[in-house]
């Protein structure tokens, strides 16, 4: 069930996030991440957050700002090489970090969205990232059991929405946004443009409005 | 690796199917199934086939013809109520049938395509269709382990292809075609129209050409 | 023993279930099974309700007629349908992702039998003329709420609300509400509770037509359509 | 001890790997890691080769320059790129579905270390300044063929082709080919085999710069770019 009125002001949308929330954030290397929402989250000072994202932007930029601000308790993601603050904070014991291979990360988020609690993959078998995980053979090949990754809130970026909340994306800014839209209890999407319902091609809608709770238009 | 020359005559395409092949066929209730390819397969007389499809058309129509012809050894699918010949052949011991709930069926095909050998789902727990399958709890809820479903050949239907083999579909004729395109060793697609490479919108391509081996244009 | 025509029975059930959807001010996503459930759509007059069909569409419009028929645009019962504004298409894995992932708020589905614990049997009659499960197991397990739409009794008066299902089960304790032409039951903590009874049947007759025992709600009201 | 500049070394490696792709008449799908692997694209001149980037594009064109730059169109190394005709976009789960599902024919990837059994270490230096795994584990496990592109030795001559990897492993026995500025090795049944050697290095010097033992192919040829 979704509220009929989907259009929120930025701060109204961000106020849905609570101390200690698990927050998924779309984007890959500062492309396709909801810059306005992340900025507002940084300004909100809400802390103790678990951030589930591909990367953490750059030092002090994008999601990097949440780390500089001390708002992060834990990270679940896969590639923090673009932001060395993460390794430093982790090595100093300031934050907890769970690394998940990028493909497993994407699949585990989708899994949460489609009601799959766990699945097997060959990725990471025999590596440190599979230690303490169950290994099992199918047809004489080894696989590791991976659990779904869900969130309380997703902060996403799309190109256009229609008034119902159907979404399309732009080029490689699509990345993790469509899977995260399925996997969070509350889905907040920053969009560049909102069009009338029926103006997006039905065959080309990437995220149907069933997955979208709140739209915030970038001013 | 795909052959550069993707355009085959119908019979040349069908000759890729061998006696005993596992063949996936797209479509739902006679919509979005590759009628010309299925017709040619029926005429070929190739037998001992395992057919993996949502349904089996109607009696003597579409895939139903393969059953009338005695070409089928086994069915893996989910809804044969539109073709009572199936229940009859099964009850008489003429064919083997493995029923998989429709959602599990779709997910298991996708799983094969994306390198997931098995996954857990709550669907069918406690029912006959989960008997002899592994049941496991995650967060105090029971799930059944389901295995990926792959095939030797997929016979699919798309609306338009470009010359590379990128595909788009038409309305509810999409159904199982995109997931089956990922899950077979050889993917043969019947299309209504072939356009120049670059003429399909890059954002709207549903099946990228990496998943397509052979195109057959419906005359 | 009173009776109404099969057609009237079906319409009564469909109309009553539609009431569930005609009051919501929130956006609600529903999936309708074949048969009576599909008829529910005819009586929904609330634009906040969006119908998903598991063959890959969200935003199913009314059944298509005449020139509007497009044979490539069908619902899961193979009926030609129309599009609502803002409808979208997707493949079967995404469609059942919506269902299994808990994004569909309500499914309305038919049944051969339902029992006092909310178990549902609607997929197969062993050794029968049909072999198929379709999306029934995914729907009863995945949807937020399961409403059973069925005639109260089968041929020759056979009682379909059982003490315990005799046919193979589709889902355990998944039914949340049962609507027949005579009554509305809810299921609460594995117990069947009569919530509404039609004016043209007595409680005694209803009991005689119902194998399962049921509790009577303190707020029992008349079944109106 | 001979040496070539870092730039020359990298270009040599990239050019040699590109040769692998400049002869195919079939359609080949490849994924290029960051660093030297990305440079491989500069030397591929075969329209049958399609480059996938794991951030969600199939059909990556040359790096974008000047007015062609679109900051929303990048490869997995965050470089602005262009589109090839017939390119397509998809989400990360589909992208890694291609990789994990075995649809990517070849991945070219850098490494900190590779060893004589084909084990690859390229994702982390413990307690270092970087923390990340990216798509490396998915790629080495899922791609049909894994080509390692790396300079033969590290800073101060450190040997990177090891008897046994000392850093955390990315994938076990996944390397199929190792290309450095001095040599091309194949891995066959868990054994490292020298296939090509550059004209400006002797076999003895190559051995001294390589910790792992290796077999010499009966068909050893000169490494040419």
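We just call them A, B, C and D in the order they show up, numbering each chain from 1.
The rule we apply is simple: a contact is a pair of C-beta atoms (placed from the backbone, for glycine too) under 8 Å apart; a residue touches a chain by one contact, two chains touch by 3 or more.
Remember, it's a predicted structure, so these values are computed and weren't measured experimentally.
Q: Quick one: which chains contact subunit A and subunit D both?
A: Chains touching both subunit A and subunit D: B.
Q: Measuring centre to centre with CA averages, how many angstrom lie between subunit C and subunit D?
A: Centre separation, subunit C to subunit D: 56 Å.
Q: In whole angstrom, how far does the Cα centroid of subunit B sit from the Cα centroid of subunit D?
A: That pair's centroid distance is 36 Å.
Q: Distance between subunit B and subunit C based on Cα centroids, please, to the nearest Å.
A: Centre separation, subunit B to subunit C: 29 Å.
Q: Rounded to the nearest whole Å, what is the centre-to-centre distance of subunit A and subunit B, using the mean of the C-alpha atoms as each centre?
A: About 32 Å, centre to centre.
Q: Could you list which residues of subunit B touch at least two other chains?
A: 107, 110, 114-116, 121-122, 169-171, 202-203, 206, in rising order.
Q: Two or more other chains touching the same residue: where does that happen in subunit C?
A: 89-90, 93, 96-97, 99-100, 142
Q: Could you draw the chains as nodes, link the ones that touch, and say if you get a line, ring, star, complete or other?
A: Shape = other; not a path, cycle, star or full graph.
Q: Write out all the pairs of touching chains, ordered by chain label.
A: A-B, A-C, A-D, B-C, B-D
Q: What residues on subunit C touch subunit B, complex-wise?
A: Spelled out, the residues of subunit C in touch with subunit B are 53-57, 70-74, 76, 78, 89-93, 95-97, 99-100, 127-138, 141-142, 168-172.
Q: Could you pull out which subunit B residues touch subunit A in their complex?
A: Per the stated touch rule, the residues are 107, 111, 114-122, 138-139, 141, 143, 147, 168-171, 201-204, 206.
Q: Of all residues in subunit B, which touch subunit D in the complex?
A: Per the touch definition, subunit B meets subunit D at residues 1-4, 110, 112-116, 162-164, 166, 182, 197-198, 200, 202-203, 205, 208-211.
Q: Can you tell me which positions in subunit A touch subunit D when the two form their complex?
A: 28-32, 54-55, 78-82, 84, 86-88, 90-91, 97, 99-107, 109-110, 121-129, 169-179, 206
Q: Which stretch or stretches of subunit C touch subunit A in the complex?
A: Residues of subunit C touching subunit A: 24-29, 48, 50, 52, 58-59, 83, 85-90, 93, 96-105, 142, 144.
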